[in-house]
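Both complexes shown next keep subunit A, but they swap its partner, so subunit B is in the first and subunit C is in the second.
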Partner chain A sequence: MITRFLLQGMDRGLRLFVLLVLAIGIVLPLLNQLMPPGSALHVPSWVLQLIGKYLCYALLALAVDLVWGFCGILSLGHGAFFALGGYCMGMYLMRQIGSRGVYGNPVLPDFMVFLNYKELPWFWHGFDQFWFAAIMIFLVPSLLAFALGWFAFRSRVTGVYLSIITQAMTFALMLAFFRNDMGLGGNNGMTDFKDILGFSVQADSTRAVLCFASAFALALGLVISAAIVGSRFGKALTAVRDAESRMRFLGYRVEGYKLFVFVLSAAMAGLAGAIYVPQVGIINPGEFSPANSIEAVIWVAVGGRGTLIGPVIGAVIVNFGKTWLTGALPEVWLFALGAMFIAVTLFLPKGVVGLWSQIRTRGATRKARAPA
Partner chain B sequence: MLFLRLPAVLLSALASLLIAGSALAADLPALVGSLTTGSFGDRETAVGALATSGDARAAPILEALAAGQLYVRQSDNLVLIGKTDGNQLALTEAISGKSAGTGAEAGLDRVRVNNRLRGIIEAAVGSLTLMSPDPAVRRGAAEALFKRRDASSLAALDQALAGEKDARIKRSMSEARAASVLASDAPAAQKVEAIALVRERGDRDALAVLQATAASSDGEVKDAATAGAEAIRQTIAAWEVAQNVWYGISLGSVLLLAAIGLAITFGTMGVINMAHGEMVMLGAYTTFVVQEVIRTSAPHLFDASLLIALPLAFLVAGGIGILIERSIIRFLYGRPLETLLATWGLSLVLQQAVRSIFGPSNREVGAPSWMSGAFQLGQLNITYGRLWIVVFALVVFAALILLLRKTPLGLYMRAVTQNRPMASAMGIRTPRVDALTFGLGSGIAGLAGVALSQIDNVSPNLGQGYIIDSFMVVVFGGVGNLFGTLVGATALGIVNKFLEPYAGAVLGKILVLVFIILFIQRRPRGLFALKGRSVE
Partner chain C sequence: MTDRRSTSALLYLSGVTVSFDGFKALNNLSLLVEPGEMRAIIGPNGAGKTTMMDVVTGKTRPDEGEVVFDGKADLTKLDEADIATLGIGRKFQKPTVFENHTVRDNLLLALAGLRSWYRLLLATPTKAENDRLDEILSIIRMGPQQHMLGARLSHGQKQWLEIGMLLAQDPKLLLVDEPVAGMTDVETETTAQVLREINRTHSVVVVEHDMSFVRALGVKVTVLHEGSMLAEGSLDQVSADPRVVEVYLGR
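What follows is the complex of A and B.
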């Protein structure tokens, strides 16, 4: 039954797309592991790392799209959920270092020894267990989203006001995490990770598994999102986006719909952050900066909001452009990003995916007209 | 002050000398002459006489004597001050102060001093400053004596008090005298009287005096001193509150300047202009360019540089604002979230453009002379720079209110804010009003940039620091209501400054942000919501 529920929302295109994502997540790591380094088919591990990173970004973009594209909530604070998930994973990884740190303290991470902590702060307990960290990765962002959404949606804070609140939230969190006495690494954040589940994070095989995990998480996110969007619930969600007052007058409890999707989206963002951190090897308060959250929004806008494939494509395109441009022409990158913001909102309100379907329908009408 | 290091014994010796010396009343050259001759005892008398003469010329001579720089020329017995200048001595005539060229030490006799004389000289220089013709010097001497609270300075103070005409300095001197009385073994009644005088002064120094008195005395005096100290503590606490309010107002004025332009664009058009901070930055860079031009071509105009920069910054930022409105924003009306993204992109482009042109580092913007320095108001310390920014913010605010209330453009703007379709139906050209409003809001941001260039680093990131704060102010105050913006900015500024001592600057800011987030939940339309019947 659950499978039927999960698959009902997927059309043929999306099903193919999910399979493509999974295929990337399986084939590339296998090519990296099985082919000898000299072979033409060998995929170097930095490529795996890059792809894994893009896939995490894509999951974050999907989370943003779920609230913005389908429910009309423009969150400028999803980077905060992403970072919180990342911090939970970071805390687990820090505890795994054990006595291999520079100061060799078996319990306290290096930065705590450096800051003269005598014992572990209370919120660090439990993070030495993976299952605990795994729960926290979903729980912490969800709880924050629940608290914020509970108040905001009930008092009918909508539109730009909500955007500003979420931006203020991530800004406040950034300031808070920059403080050294937060007990979370201050402005240096957490880095120098060694092991995840007993495997070295530096090893190629771990990288391959992490890349697969990113693809799997993204595929899972796509399936769940598709199921929700395709259900009756999803229809109501889209209606809230388009005419919130009317839905309220019709007797729907709008805030419940919004709250559910907001919390779910935050959990997805948290998961993305958690898989992201071991692949890049660092988490610091910079991840909370409002600019990051807005960048995630532009991935969605470029790809096409209100579609499930769009945000994934947008995240990959923009980040590929970023990787390439910051390497080749660093001065130009911000111009390009800024221009992308302007051009997409002005000329491509439906994003790349929208453009593609526009071309297809135009082609179809032309074909339909041709015989007449 | 030289005499701060002087042992009490020497000061009391000085006091007796002062009284003896006042009878001598000889003229300066004769006294200086007697400084260089006779026994050390005679010289002591001469120093005392010089001290009581109150002649300003005496101070440098005595200082030179103490430093061993006073010479007598063998040829004509002229007294000279010789300061070492390489191998030579730069000579000045002691009494007239005229330069006497340079010369070697040969042919000059150094006037000798011993340690006892040196001490007396230091004290004499001190009392000379107490009688100096310059009121500021006299006041400084009295203040220093107040902090020193030494019984031995009583005599000198009494004498100075007798001759003092200036009421404020007289007050300082009698306070210093009271402090000295408290340190002496005067009768309790006198001490209680002195405590009352010190208590009236009511600042930290007075508190220190009373605390010391309370610790070292007993009975009636101790009670009076303890009560006085308590009263002063309360006074100081009140002044501290006042100082915090002032800091808050000062921060509030900065917030007001940054937010007020945003209040217009946001209020009128419902447009979130994320590039607003960059307009502030452009204003600051305009100031920088104006100052650079003035520095290279007309340095004498430097004090006027900010006044020149103001209209230019308004035009630059306003012009760019209109350009943005015409080329981007007008296509996005009715889609506020898209406007937000487009203007964010624009802010990235503007930042990078400024970074490419002016470089990523901070640029130096100088303060004109009328903006530097500070003054005391009671126990408040107010810097001119901050004061002018507060004044400027209020002037801009008042001008904007006038514009909105008294001009046709203001009327149109208000009409469009309240009901766009209706205004359009009444024949108001709303697109034109939109463009002008956006230009006006951006221009005011440019003006804010001129002011902020005085207190913040002028760098490409200048605007980013203000954008979130500005939104908070506008949303907190209520959209479309300028008075709301004023109240919101001042309230947030003051709250921020009151939280800072308890929570630290960063945590205070976080608390304010959390407070606003919660506040918006309670009143989603802000403190002063615009009443209307429109549904979003």
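What follows is the complex of A and C.
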């Protein structure tokens, strides 16, 4: 039953795409581990780290697209769910440092010793256990999304008003996390991680596994999203996106549909953040910055809103451009990002993926015309 | 107050008042629709026709008055989804079909039955549901177009699809808002036939401007004016009423 549910939304193209994502997540780490560093086939660790990062961004983009592309909820605060997942992972990693910190305190992380904490704040308990942190990675973003969505969707807050609320949410969280007395590292955030599940986070082999984990999480996200979008629920969901009041007059309780995808999407974003943090080695309140959430929306728009492959492609293209341009011409990057968004809005309303299918249908009609 | 739960009427409005910033869109409106009846509601612009539909379908809450459906349900306390589930369907003036869904999926979404999100996650259309869809597709003569997207249908096809969706929803009471706006004479005549057909098994309330269409329906007419009922009776009776002539027909 579950297999049938999971496979119902997968067409051939998507199946190939999921396999491609998994192949990247398996082959590149293997080439890194098995090939000697001098070999032409050796993939350096920094590439793995970069790819792992892109894959996490892609999962975040998929989460944004699930609510925006398929349900019409333009969230400008998904970066907050990503950051919360990241903080949960960061708390686990901090507690793994133990007495190897600068101050050598076996329980308190360095920043707490520095800020004269006498004991661990209550919400830090349990984060020394990986299973507990793993649950929190999903639970914390989901609960926030549930609380926000519950009130917003019942009060029928839609459109730009909802976008503003989500944007305000991530901004408020950023301000809150900047405070030292939040007990979460203040503006420095958390860094200097040592171990994850007993393996050094700096080790190449750990990097390889994390890269695979990113690919696996993205593949899982794609399969689950496809199953949901392809179900009868998915048909109702896109109908809510297109004509919400019509659905109400047909007897659908629209709030339930919105709340479910919003919470699920927040959990996906949280997972993306959690795998992201050990790969970049730091989490700080800057992750809550409203600009991050807006950037995630741009990835989706560039790749193709309302498709499952689009956000993944968009996240990779934009971030590749960012990596390259911020290295080559750092002052140009923001202009390039803005130009990209405007160009996509004007010329590619369905994103890069839309362009692809446009070319294909044009080719098909030409072929159909040719014999006549 | 005492008799409202014992009324035999399918739809019972009593003393309904709705005001927007002091403007009374409905002013102490009372209306009875019997089971199986078809009723035409006419009136000049701003008479409160659409507001009346909004009140009945739960989109607008009345400030005062009672709205009772089927002798027991107090519609002023329920929302759109509840009211639709009770059996009131609404057809909008502009055909609103789901543009990114196929004709068949449009009908499937409208089909009476599953509405809860968690059950729809795992549901696949049953044989009974598929049979019903095929039946409706043949009634509205759109079998060959069943896999076409809503957006690609012509205006007339959209109207037909929407009628099919109403059949799928199978409401006890059907509210129809200006069904012939923008239609040719032939299409208007066909629509009147279709509504009479539907009226055999469903109660219908039609809001309409077009007098020849109301005449073609040949049913009891209620004239609204400034949010209240001005006259009620056959079209000939109300046409003869000097007050009606003054506010509406004379112009």
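Observations on the structure shown:
Going forward, the second predicted complex is superposed on the first by the 372 of 372 C-alpha atoms of A that agree within 3 Å, B and C clash if a C-alpha of one lies under 4 Å from a C-alpha of the other, contacts with A are read in each partner's own complex, and residues count from 1 in each chain.
The criterion applied here is as follows: a residue touches a chain if its C-beta (ideal position, glycine included) is under 8 Å from a C-beta of that chain, and two chains touch if they have at least 3 such contacts.
Here the structure is a predicted model, which is why all the values come from computation and not from measurement.
In the superposition on chain A, A:Leu346 makes contact with subunit B only, while subunit C stays out of contact range.
Contact with subunit B, but none with subunit C, is seen for A:Ala301 once the two complexes are overlaid on the shared chain. By the touch criterion stated above, A:Ala243 is placed in contact with subunit C alone, subunit B being left untouched. Judged by the touch definition given at the top, the superposed model places A:Leu34 against neither subunit B nor subunit C.
Note on subunit A: of its two partners subunit C and subunit B, the one contacting more of its residues is B.
When both complexes are overlaid on chain A, the residue A:Tyr257 reaches subunit C alone and has no touch with subunit B. Of the two partner chains placed by superposition, only subunit B is touched by A:Pro290; subunit C is not.
Of the two partner chains, subunit B is the only one touched by A:Gly338; subunit C is not. In the superposition on chain A, contact is made by A:Ala172 with subunit B only, not with subunit C. Common to the subunit B and subunit C contact sets on subunit A are residues 245. Of all the residues in subunit A, the ones that touch subunit C in their complex are 1, 5, 228, 231-233, 235-236, 238-239, 242-243, 245-254, 256-257, 260. Against subunit A, in their complex, subunit B makes its touches with residues 270, 272, 328, 331-332, 335-342, 344-353, 355-356, 468, 471-472, 475, 506-507, 509-510, 513-514, 516-518, 520-522, 524, 535-536. The part of subunit A that touches subunit B in the complex is made up of residues 68, 74, 148, 151-152, 154-161, 163-165, 167-169, 171-172, 175-176, 178-179, 245, 290, 294, 297-298, 301, 331, 334-335, 337-342, 344-346, 349.
Touching subunit A in their complex are the following residues of subunit C: 57, 59, 79-81, 84-85, 89-90, 92, 96, 98-101, 105, 108-110, 114-118, 120-125, 165, 169.
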